[in-house]
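My structure is below; once you've seen it, I'll send some questions.
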Amino acid sequence: MGIYELSFIAFGLIVFLSGVGVVALKNPVHSALALLANLTLTAVLYLSYLSAPFLGVVQIIVYVGAILVFILFVIMLMNVRKEDITETLLSPRLLFGLGAVVVFVAQILALNIFVSGSAQGAKYIHAKDIADLLFTKYVLPFELVSVLIFAAACGAIALAKKRM
Amino acid sequence: MIPVSWIFALSVLVFATGALGVLIRKNAIVMFLCIELMLNGANIFFVGVSKMRGAAEGHIFVLFMMAIAAAEAAIGMAIITAFYRRKGGVEVDRADLMKW
Amino acid sequence: MEMGNFPILSVLTFFPLVGVAIIAFINRENVNVIRWTAFVISVIEFIISIPLYFAFKLGTPQFQFVEKLPWIKSWGAYYYMGIDGITLFLVLLTTFLTMLSILASWSINKRVKEYMISFLFLETTMIGVFCALDLLLFYLFWEVMLIPMFLLIGVWGGPRRVYAAIKFFLYTMVGSVLMLGAIIYLYWMHYKATGTLSFELMELLKLKLDPRVVPFLFLAFALAFAIKVPMWPFHTWLPDAHVEAPTAGSVILAGILLKMGTYGFMRFCMPFFPAAVQKFAILFLALAVIGIIYGALVALVQEDIKKLVAYSSVSHLGTCMLGLFALNLQSVSGGLLQMINHGISTGALFLLVGMIYDRRHTRLIKEYGGIAKVMPIYATFFMIAVFSSCGLPGLNGFVGEFLTLLGAFKTYPLFAVLGATATVLSAAYLLWMYKRVFFHEITNPENMKLKDLNLREFIIMVLIVIPMFWIGLYPKPFLERMQPSVEAFIKLAKGEKSVVYQMEGRKVNLASLISEKLER
Amino acid sequence: MLKLILAVILIPLAGAMINGLFCWKTKRKAHLIAVPAIAIPAVISLVLFWKVAHGQRFDGTFYWWISVGNFRIPIGFLLDELSAVMIVTVTFVATWIHIYSIGYMDHETDRGYAKYFCYLNFFVFFMLTLVLANNYLLMFVGWEGVGLCSYLLIGYWYEKASAANAGMKAFITNRVGDFGFMIALFLLYKHLGSLIYHDVFASAHELTLPLATLITLLLFMGATGKSAQIPLYVWLPDAMEGPTPVSSLIHAATMVTAGVYMVARSHVLYNLAPFSMEVVASIGAATAMFAASMALVNNDLKRVLAYSTVSQLGYMFVGVGVGAYAAGVFHLFTHAFFKGLMFLCAGSVMHALHGELDMQKMGGLYNKMKITAITFIIGALAISGVPPLAGFWSKDSILHHAFVSGHKIIWFVGTVTAAMTAFYMFRLIFLTFFGEPRDKHIYEIAHENPPVMTIPLMVLAFFSATVGLLALLPGGGFEGFLNRLFEAAHHGAEHAAHGGHEAGGAAVLILISVLVAFMGIGLAYAMYMKHTPDPKKLTERFRPIYTLLYNRYYVDELYFALFINPTVGISRHVLWKIVDVLIIDGIVNGVARLCSLVGNLIRKIHTGFIPDYAWAILVGIIIVCGLKIIF
Amino acid sequence: MVLASTKDIYLILPEIALLVTAAVVVIVDAYSRKRGSFLNILSSIGVIVAAYLNFKLYGDHGYAFGSIIYRDKLAYFANYVFLFCAFITCFYARDYLLRENRDYGEFYALVLFATLSMMFVASSASLLMFFLSLEVVSVCLYALAGFVRDRDLCVESALKYLLVGAFSAAFSVLGMAMVYYAAGSLDISAISRADITPFLAVGLVLFAVSIFFKLSAAPFHFWAPDVYQGAPAPVTGFMMTAAKAAIFFFVVRFFMMALGVKELWLSVLIFVSVVSMVIGNFSAIRQMDVKRLLAYSSIAHAGYAMVAIASGTKYGEVATVFYAVAYCLMNLGAFAVISVLAGKDERYVNLEDLQGVAVEHPVLAAALGVFLFSLAGMPGTIGFISKFYAFAAAFKAGLYGLVLFALINSAIAAYYYLKVVYYMFMREPKKSINVQVGVATGIAVLLLVAVVIQSGITPDYLFNFARMSLP
């Protein structure tokens, strides 16, 4: 078990903890920040372990920069108070929820035995490889994303614009 | 070398915490954040597989997932603001008109 | 007179729809115009159906006035219409009773337009059910018929009409849903056996089914038709539906809808599964006899005239079923004739009850007493109907009942004897009701000022009494037209498949004859 | 020949139809149609009787009624000695009763008058079809038709509750009898393949003994229903509610004798089943005794006559039961006359006293209603069996045959009943016509009836006196004529010693029966005229027996308790309320309610709270993945 | 890696036409002050143009855009269905929107975008393509569900739809990742060639979550009643029919043709079908709100369709396709009528308010009656033909128990359809429902009634067209 693997485990633990932070923190702003931490850490994970430099950078720019910031704007817009999470700690809903999730995780991880192989290829995947695949095979989904964004914009205006 | 099963385990764990968040939290925005978290969990595994296979397809899928997440965030926030404007709050248990 | 290829059955089936179209354009207010158009349509319909009687070729079990057009080519379903001895009189009964009941529904004054539309639509579907020889077409008419009847009971009925209408609809629906499963099974067995897709009755009759599945199929069909007949345990919808239906509705319900159950047994249920018929004969005979005695006894103690007549229908149709399952020539033709008699006599009784209901708006026996003094003509017609219903010789009830019991005695003496008690019981409950309603002094002041029948009602009653005497005194034309088809039915129900070829009018091919001999 | 028979049958039908359909037109003149409609067939039937007397027979079909496979029923007619006798009696007595009822029904409403005659004609039509039918089914048609007319006529005054009940009771009791009759017909068809007389009688020998006994017993069950024998006689006393001419025609002369006719007609079958012959004879005797005992104490004029009819029918069945069909029919023939006469006399008494029937109130009417009284006495004498009159010949012949054929007990019962008959007939005579009038008002209003009623009385009185002498005609007299039919059937000779007067044995029997008759009359005279053994004291002493007899052995109440109330009770409380409403409807509604309950339960899952939805989806995923992992 | 050629673009002309129309509608709406009535006409014309192009292109053209979509006859047949639904919705929605004074171009744009992406859903040959176009549809429907934003019900239903939808979508993403791991690529051809390991099976099932979700099949149906009840009637009509039809077409292509149902999906399908039938039918029995009742009935109908899919044979495919078409026609019509009857702000939606409608509006009540009887599966309507053939196909494939269960369920279902008819026809109206029927809605309803009854009595035309377009 090399230093490399150990660091991966530690790193993974941190990512997981930040995920738990998103769920556990009472104040939505804190949750958002926890998510920010999680996303950046995954970006670092991509860069360091999963040899996906381009993706890490895009993750930072798009995910964190655009989506999360936008969500933070919205949170700020609606002065959202702390949610009293305490009452849910021992409530049956938590137990049921936790139980279901644990069973789900157990089920999926049970499939781990079928997972073989290791991420050994040191070859980094750069923007060039992504680009020539993106613009040959997946050009239609690429165009469809534009429709997606256009539709989302139209919908957002229809719903949220003040004076119609 | 990092076996794919570890990456799979990590992604499932992150995914599961996101799912747990949706189950537990009552605040709409936080639920939305948890959904983003679930998507992120899935992306990790995508990248892991693509590294294992050495193909760029995984990355493209992640890119598309990000686009989808962005669109969803846009429309999601619009809906939540409309909801906030109508209901004066973002807690999910305000939406109780329709049951049974 | 040779009919050539004039599609008389299709005309008969779809002519009422022309009436529906005409009425749809009449303004809702002028109620009388709607009533008269509906009546004229039904009279024309009856007149069209008369040539069926005269142009009917005697002596052959073959289907006549056959029409066959491709309907759903991809499924092999044909628009295949035809009648034989069994359905001839049922169709005539339908047109005759619809004409009378439309004439008797002058007292309906709420939403007359929808009433007449659903009535004529009901007539279309009823004739369709009787003439369809293609199982899918039969099922289509069988289910669609429920809608107008549901509306008739539900919208124009009595106080608990909705409960009765929904109960009627769901009861029949559950039964026919199982039948649909059985039809699908036969459809695919035929496809596996011959490679061609077809819903035709003749083709499916020729099928060889493996004996393990036959009882279940038989029970699926039998349940759907037993609910409709209604046989003993499935009869509870009948009193509610009859009591709550408007006069004309209950005439049609009793006169024709109940016959579809027995018709179903004769056309589909028994010919398809002869092996199961032998196996379940005792069970169905016992249910029929229970139905007879149970129906009569419960009718004895009813306070409401319509409920009494409803339970009497359960008893009469028990006799028909007894006749069918005794499976010999006399009992089956007796049963078939009893079906027509029951249609006429119970139809008459319901028309009569409707007439006093229009005057006094109550059906409880204790509300009446001594009406014979105030309404003598009405009393005489009621008496004729009562005696026709309880099987007095010289009227139509006797011929059917006697033949059925006689035939049943030949094969199952015990059941026939139990069934014969119905003669005593029917006399008891009908005469007891007649006495409490018509004799004794007039105690209730309202009964004093009851008017006797007006011209319209008089015509209705005269029209319905004529067939009573006709069948009673000279039943030969009826019996000889039924006989060949009844013989064919009995052969089929006993397992001789070769009869099917005669019914189709083709010469019997030797292959099936030989194979049949081997199989038995 | 066929045309004549058709005429005999169809003319009454035509008369009935005219009166029925145009009753508001014919009003008072209804009898102008009704009476000739019976008179003409009476004449024709006499002609037919004459032809049959000369050996002509007829058995032909008018048209085929029902023909399904080998079950072929013709509308066919059979004219032989038996049916000739019957149509003569029926039409003759009916004519005079029609004439009589012109007077009797004069105070009815116009429409009611026409309706009455229409029903009466219908009755004669059905009776003639019954008698002339050449197959059992057509006889059954007549059989039920006659029951219908008796129902209509008993319930003629339907305002009276008792009349309406009596009518219904009569019809349903008949129907119970007809049930047995029907089963017999089924048996006949099943084993012999046809219901036409000559086919049945020709192939009757093929029947095994138990089968023949069963058929004949069931036929007899039909007869008991129709001719009011022991188990099913209850309807006859109540049938007195109807107008008196009706009682005299239907419940004395014709309809009730249909049972005897049927047994006589199927004598071939009965000869094959000696056991059922015994049953018929013993029931006949028992009924005779039983009915006579009830008549002893009854105070209602018509009820006494009703019981006497039941008793006399018992005699006829005794006659037929012991094999002496001819004697039975002869008694039927004579009984029609004198019982018809007595009912008409009772009717005229009732008519005169404006409906009063209770004998206690009458008394001393002799000098007020001379003709009625005399004819009534002639009738009484005839029925008691006083020698020159009709009753003596036929009853004596029956008793003679009973004794000769070895039925000693039956003979003894018959003789005792003869005594009782004489006693209660003359008790009636003395109470109504002699002694001092007990009710002043009744006595004043009593007056003799107009000729239109008295003439039929006189005619019938004459005939009931003389008709007995027919037995003395050459060739064995009346019975000899009938025996041409019965002897031809079974050439058994053990009844050789019938008819006429053999050596000493027969004379002794005649002497005993005459002696018994006079003894009865004397006793009645002593009790009611001389009051030596004063009836009141007698009733005190035998109080329990008296009440038992007076209340008709509580038979009606017994039937109600045994049959009617339990069936009504069971069917209302058990069958309808519990089985139908609770169990079957319960199940049906229960299933419906269960569905809606389950529905309501499942509906509650959708709480409207988003985390619950998410949770449910997660559970769904777990289940589906579990499915995939396992399979 | 072949670059997209002009032939590929030629193949997706109908979609491009719709895109252009949507863009034009948005632009016109932005600039024209007077909210003219021609926006719905404009979008209808666009749909008709797309339909004409679709008609020209009808035929098997094989893979396009680097085998990411598969344009065969089934795809073009599916396009016809979506275009028809979009046409009807755009055509009659205007009356509804005018009444709610929310007549903005966005509605038509969103509907067109949704239709456009549905076409891609139906013809996608890769899981990614399917998922992406499904998300576009979802986004449009989230917005449409909340379109009348000043009504509480609408906003709530939009939020529910969003959150639960996104939640399920996340699971599909995980499923896709697992499939990508197991099969090496997301193309359906590759997946069908890969050997079935439990990992791939679970991945596919997880992916199928969003399919079952969109079909509102049983364990994943919880959003359906609330969203269909809350959303505006035309939107519910469109959502319930077109979206489901798209999924059906993809299911036919993916489950049946590519993977074969027998060993992989049978147990899942049977479970889902049984549970959705039970939940759909039983919870609708006591339902007093018409829209919610129809929502539960759509869950039940998803169950019936599953029966057809579970048969897995060629007959099953035809049955599923035909069931989708029939299902669209019935529900579009039903919701068109409800959108009128419900009055302003959809007040009269409860059965008590709707009772006695047949007195004033016999034609509308009769039309809704026809649609309800068709949903109940009464013969003489397209409902019966589709249900009959679905059950016949399943029967032939040997699923006797499932078919009997479905038959009994459809008998129970008859009750609540009957209940609505009973409330409309057999009760005296409490208060007079003064509802004016727009011309467009009238035409749409009559057209749908005619099609439902015509293809109920002579189903040959529609049925053969459906059968011909399947390989």
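Per-chain residue numbering starts at 1, and chain names A, B, C, D and E are given in the order in which the chains are listed.
One rule holds in what follows: a contact is a pair of C-beta atoms (placed from the backbone, for glycine too) under 8 Å apart; a residue touches a chain by one contact, two chains touch by 3 or more.
Keep in mind it's a predicted model, so treat the numbers as computed, not measured.
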(request) Give me the chains shared as neighbours by chain A and chain D. (result) B, E
(request) Name, by label, each chain that touches both members of the pair chain D and chain E. (result) A, B, C
(message) Contact counts by the stated rule: is the higher one at B-D or B-E?
(response) B-E
(request) Could you name the chain whose Cα mean is nearest to the mean of all protein Cα atoms here? (result) C
(message) Using only Cα atoms to place each chain's centre, name the chain farthest from chain D.
(response) A
(request) Report the chain whose mean Cα position is at the greatest distance from that of chain C. (result) A
(message) I'd like to verify one number: the distance from the centre of chain A to the centre of chain E, where each centre is the average of its C-alpha atoms, in whole angstrom.
(response) 31
(request) For chain C and chain D, let me know how many angstrom lie between their CA-based centres, rounded off. (result) 38
(message) Averaging over Cα atoms per chain, report the distance between chain C and chain E in Å.
(response) 43
(request) Provide the C-alpha centroid distance between chain B and chain C, rounded to the nearest whole angstrom. (result) 65
(message) Quick check: what residues of chain D touch more than one other chain, meaning two or more?
(response) 592, 603, 606, 608, 610-612, 614-615, 618-619, 621, 625, 629
(request) Would you please write down the residue numbers of chain C that are in contact with two or more other chains? (result) 170
(request) Please list all residues of chain B that touch 2 or more other chains. (result) 4, 8, 12, 18-19, 22-26, 31-32, 41, 43, 52, 57, 64, 68, 71-72, 75, 78-80, 82, 92, 95, 97-99
(message) Applying that definition of touch, give me each pair of chains that meets it.
(response) A-B, A-D, A-E, B-D, B-E, C-D, C-E, D-E
(request) Quick one: which bits of chain A touch chain D in the complex? Just the residue numbers, please. (result) 93, 96-97, 100-101, 103-104, 107-108, 110-111
(message) List the residues on chain D that touch chain B in their complex, please.
(response) 603-604, 606-611, 614-615, 618
(message) Quick check: in the complex, which residue numbers of chain E touch chain B?
(response) 128, 131-132, 135-136, 139, 142-143, 146, 149-150, 152-153, 155-160, 162-163, 166-167, 169-171, 173-174, 176-178, 180-181, 184-186, 225-226, 229-230, 292
(request) Spell out the part of chain E that touches chain A in their complex, as residue ranges. (result) 1-4, 8, 12, 19, 26, 64-69, 102, 104, 106-107, 109-110, 113-114, 116-117, 120, 128-129, 132-133, 135-136, 139-140, 142-144, 146-147, 149, 158, 178, 181-182, 197-199, 202
(message) For a test of understanding, state which residues of chain B touch chain E in their complex under the given definition.
(response) 4, 8, 11-12, 15, 18-19, 22, 28, 31-32, 35, 38-39, 41-43, 45-46, 49, 52-53, 57-58, 61, 64-65, 68, 71-72, 75-76, 78-80, 82-83, 85-87, 92, 95, 97-99
